[in-house]
Amino acid sequence: MRKREELRHTYGFDEVALVPGDVTINPDQTDISLSIGEHKLDIPILASAMDGVVDPKFAIELGRLGGLAVLNLDGVQARYENPDEILQAISEASAEAVTSIIQRAYKEPIKEELVARRVKEIKDAGVVCAASVTPASAKKISPIAVEAGLDILVVASTVTTARHISKSYRGLIFSELCEQMPVPVVVGNCVSYSAAMELMKAGIAGFLVGVGPGAACTTREVLGVGVPQVSATMECAAARDDYLGETGRYVTLITDGGLRTGGDICKSLASGADGVMMGSPFARTSEAPGRGCHWGMATPDMNLPRGTRIRVGVNVDLNQLLNGPTSMSDGTENLVGAIKTCMGVCGARDIKEMHSTEVVVATSIKTEGKAWQIAGLH
Amino acid sequence: MRKREELRHTYGFDEVALVPGDVTINPDQTDISLSIGEHKLDIPILASAMDGVVDPKFAIELGRLGGLAVLNLDGVQARYENPDEILQAISEASAEAVTSIIQRAYKEPIKEELVARRVKEIKDAGVVCAASVTPASAKKISPIAVEAGLDILVVASTVTTARHISKSYRGLIFSELCEQMPVPVVVGNCVSYSAAMELMKAGIAGFLVGVGPGAACTTREVLGVGVPQVSATMECAAARDDYLGETGRYVTLITDGGLRTGGDICKSLASGADGVMMGSPFARTSEAPGRGCHWGMATPDMNLPRGTRIRVGVNVDLNQLLNGPTSMSDGTENLVGAIKTCMGVCGARDIKEMHSTEVVVATSIKTEGKAWQIAGLH
Amino acid sequence: MRKREELRHTYGFDEVALVPGDVTINPDQTDISLSIGEHKLDIPILASAMDGVVDPKFAIELGRLGGLAVLNLDGVQARYENPDEILQAISEASAEAVTSIIQRAYKEPIKEELVARRVKEIKDAGVVCAASVTPASAKKISPIAVEAGLDILVVASTVTTARHISKSYRGLIFSELCEQMPVPVVVGNCVSYSAAMELMKAGIAGFLVGVGPGAACTTREVLGVGVPQVSATMECAAARDDYLGETGRYVTLITDGGLRTGGDICKSLASGADGVMMGSPFARTSEAPGRGCHWGMATPDMNLPRGTRIRVGVNVDLNQLLNGPTSMSDGTENLVGAIKTCMGVCGARDIKEMHSTEVVVATSIKTEGKAWQIAGLH
Amino acid sequence: MRKREELRHTYGFDEVALVPGDVTINPDQTDISLSIGEHKLDIPILASAMDGVVDPKFAIELGRLGGLAVLNLDGVQARYENPDEILQAISEASAEAVTSIIQRAYKEPIKEELVARRVKEIKDAGVVCAASVTPASAKKISPIAVEAGLDILVVASTVTTARHISKSYRGLIFSELCEQMPVPVVVGNCVSYSAAMELMKAGIAGFLVGVGPGAACTTREVLGVGVPQVSATMECAAARDDYLGETGRYVTLITDGGLRTGGDICKSLASGADGVMMGSPFARTSEAPGRGCHWGMATPDMNLPRGTRIRVGVNVDLNQLLNGPTSMSDGTENLVGAIKTCMGVCGARDIKEMHSTEVVVATSIKTEGKAWQIAGLH
């Protein structure tokens, strides 16, 4: 019966800016590594478990470059012997037909044999293997994937909580799952202090932060639900820090969804994230399986699709996206260079130090320059 | 003589978002029913008393689907033996001519015989019958409608208060009306705590919240008057809760006007509404009498028209609008599915629990995803 | 040496809305009269002292309809025997040539004989006659105008203060002017509490509030100076009220500039104005001398023109603009009807009661309806 | 481990406005001079050290008009015997080719002989000579420039701090540089109180404020770093004032980047700046070497280009830009007239008094007038 009180203000990437530090550091002296359980990644960037973004080949390439791709064990790789056919069909479908084509494609059942095979393909290349399941499929599929060599298990849905009430099935108990699985469990997505705290108490190794912001997601329009990423990350980082203070255990926070540029990644880290997960930027690479398209796991929903196929085109390779060089000056390429340069001007030697960078509300941030360019051009 | 103080900030649907809960619930376990007096509706959605939206046939269909349509007893159904002719003429009028055609159409007098006949048509189909009158016509028309079987009486004007000062006629006394009428009385529209409180003290069963936001309404431009719907709902919900605390009587709050999507409905409920009233979304259905057009009751005003005919087209049927399935991912269809899914992720078993969902200010809510999609498409 | 503190937020018409009252009143029972000194006007609307808006014929017409037009004694009416020739030339000039044509037109000297004749033309028609001078010309021209029968003297410049420092001429002392003039003196423009207070102490009868917002004014771009009208009016109204409390003398506050619609007028009154002054809306009438054009007195400035000729077209007559009826539903016509209707829903019997209406910040005010209309149209 | 707290709000030029004072002053009685060390400039405007803006000829012209141009000793003037060839090539390059052409042009080494010659060219004309170096090149190039007669040394990079950590080279120690150089040292850019304070303690004579806002700069998109200019200037002015209180030494604050109009300059001064530095407005003059183009020093970066060539055209001469007269009413010409007029209406006799002008948040500042003009035109 609260209400009528002052509402909390929340902020997204385009509404904030970072304040440079009092010391600057040469970019080559910054450490941008990320740890998830016992696994250490050279760069703090994960690729989303989306069928247009990650297949085993892509996961191997990104692993070799220091990042981590999450394979979707609820998607076409686990449903089709030859997923390329269906990926081709989706990419070629007309805008009118695409949702029903996607809805049909995901009626094909998941095959346990394919779950195991996809994990092995990645492991055989010698890189860290991460894959995702849904809360509903976690109990059945996780053991198969772990058996096949999985390193990191991701359990994800639009909104994930430690407690789920259902009469049709016994809800997934995360504390049981974390105990049973011999690998670190990453869970998401969540956006609030209390939900993050409950998930950490269940024993997870990391969690994904973000509801609603992704390019291929329309949860905000359809359900009204979502918290902009800067505020969601700050809330969950406060929970992560308090949990660390109480227990001494550090849980990894990954901001997931809505990130477009190097600037967005830097803002996530300054807000308290240890790393980020991106879909759209990777979908643009020549290594991605989606042929320049991507879509989320809420798109195939038969009754209430939230999201659609986004066509981003193929216009960069993975190494250039991450490491440059680039002639693009809009922040969409050389993401690693942007992180290191930003940490240099913010005086942060590593990502933990980056958490202390001041974040300010700066709505006008793009207007100033842009208005002038427009004025200048006429 | 106040002024110069800090002004109160108010918010509309596009400026807020809902924060998911700490528990999630399967959508099929949520109860979204709405009570008005002794009547219980399966779904918390009412159709506005607009001539382009509700006729007896539409009211019967919506009633069968669990909602409630309010018939306008001040409109063409009560003025014309055959209203379809005039509805056809309005839908076919040119943009230049339409306001004067509407102005002329509403000069035809209201017939008491038609008032009774329209109510009976709806009652004969076995559904709950609600109909609206204006404060000025309430005393004359209400008894006829009740006599004919009316279940719920709605008394509505742009701004309704418990006290109206006039020298030309003795103002409607709501406390007298509520005592005289053997059916629940719903009154509106109001947007402030104190106006809502006075109306409840007069004995009403429910009230409509919202001044200015509707698509067919330009009260805000013409008069400068209006409060955005999220804040208006919160103010009035605070009054409803305080009145409940003082008297033990629960008055139903219906957010009315400006709702477009499932997300807007969910935000209304989280702000404290028990249900919502919509015009435009229903005007789009093949069951609506307006042939893809709708207009408000301030449009025919001879001196100061506020609003115009809005053409929305006919592009969905009523059942699909409410229950899906849909291939639209913008929140405009499967409204019931959206409410149930949203309540699931917010951990709300019924609408009263939904009132506790946190509402945050999130201006950027649509920008994040949209900007990226636009960037991605070029 | 202040700074770094929290900045004060200010608001314009498009950022606020009015909250309806707890009582409603029939519009025909509202009193919207305005007093300036001993003169009482039936409607609280003044026409700006702009050469495209007011000539003697226009002043007579507006006076007969209950309002008040201010004749510009620094403009073409006081410089040319036959001002229509020059008004015609300005209206027909190309966009490129117009600023220099206006600059040239205002080099013609002011003729004392014409000053007196224009005032007499208005007085002979039996209406209240108001006319404006600049601070620099006040001492010379005011006595001639008063001698000719002037009722209200307006002394106006972009920014007016009670103290002006100059070495080239002895600044105008408002307290001396007010003592010498046998008619009420109205002064402007100002936007702050302290400037308004000093002007009132000089003995003025009324003041104009607003710097920067007018359509024909670009002071904000050129100088960075200006305060949005809602906040400026509230600041100055607080000064007016405090001065009343201290001295018992009520000084009339006129919000001047940037008003477009009936809603804007209502917001000014709710913010504390006793009346409003408008230019653009009157320039659109067939009675205005500008042939559908208007421009401000900073436009002819040879070095630093602030403003330009605005072409608004001729599309309404004065009576319809003020009293309707209208088929426009955007608030630009039937301004008197809008004021009376708004005061009715706000429960204000007269303008002083209207000062108590709550003003809320409501940025989204137009978005809700508009977004839906746009969505509905495709 | 802070976070989750209320974020600080920051503001840019388009979000604020200035409140007129209680006294007005004739513009011809205002003093707008600016001091840097022992040098006094008649007008408080510097031209940015950009290759498209400043060459020796331009510096001489601006110096004669009372301002100060900063020559870029890291650019084409110090790399090429005949820089006009390369400037011509850059101005003629296609949009696709221009970044790589600029990258190639800046691979040509800097010649010490040219550094000395450019400085002498300016000094020989009898005007104050200022030139810029980067922190990395400061130790090598500064002595040569000073030897050749340099009056003011500017050391600038995107973000400058008093302490820089690097393992590849010993960072520039500003306190050492200030002691060794017999001329005033101006350093930038910075945006925070503490960074400004540390730089002042190193002994600098002035500093440049602004990270991210310039037209030719995309630091905000690429790195997420930046503070809008009004807030950055206020923060740094607070440091300047506190440092003055502690030490009695006054350090000159120059707001640098993102300024378009006279209004922007006035807002900078009211926020606490002693002067401003502009690039784009000067690039438009016929005296500028860039042939209507300009670009920043981050554009040639091989790995992470931030910024691009901006084409503004050649459409004004330097004297008219500064002193008018003008027929432009958008604030882009007669900058000196705008400063003096603004100081007049704000009642400020000199720039120090201008620091006391009230700055208010006024987002709507341009909307009011513009919306009306648009409405008026149809």
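Letters are used for the chains, namely A, B, C and D, taken in the order the chains are written, and counting of residues starts over at 1 for each.
The criterion applied here is as follows: contacts are C-beta pairs under 8 Å (C-beta built on N, C-alpha and C of every residue); 3 or more make two chains touch, one makes a residue touch a chain.
Since the structure is predicted, the reported quantities are computational estimates derived from the model, not experimental observations.
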| item | value |
| --- | --- |
| Shortest contact path, chain A to chain C, counted in steps | 2 |
| Proportion of interface numbers common to chain A and chain D (over half same, under half different) | different |
| Chain B and chain D: spacing of chain centres that average the CA atoms, whole Å | 56 |
| Chain A and chain B, separation of their C-alpha mean positions in angstrom | 40 |
| Of all residues in chain A, the ones touching two or more other chains | 11, 13 |
| Overall pattern in which the protein chains touch one another (line/ring/star/complete/other) | ring |
| Chain pairs in mutual contact under the definition given at the outset | A-B, A-D, B-C, C-D |
| Interface residues, chain C side, partner chain D - complex | 1-4, 7-15, 99-100, 158-168, 190-192, 194-195, 198, 211-215, 217-218, 220-229, 231, 258, 260, 280, 284, 299, 302-308, 310-313, 332 |
| Chain B-facing residues of chain C, complex | 11, 13, 16-26, 28-29, 193, 234-235, 237-238, 241, 261-267, 270-272, 324-331, 334, 337-338, 341-342, 345-347, 355-356, 358-369, 371-373, 375-377 |
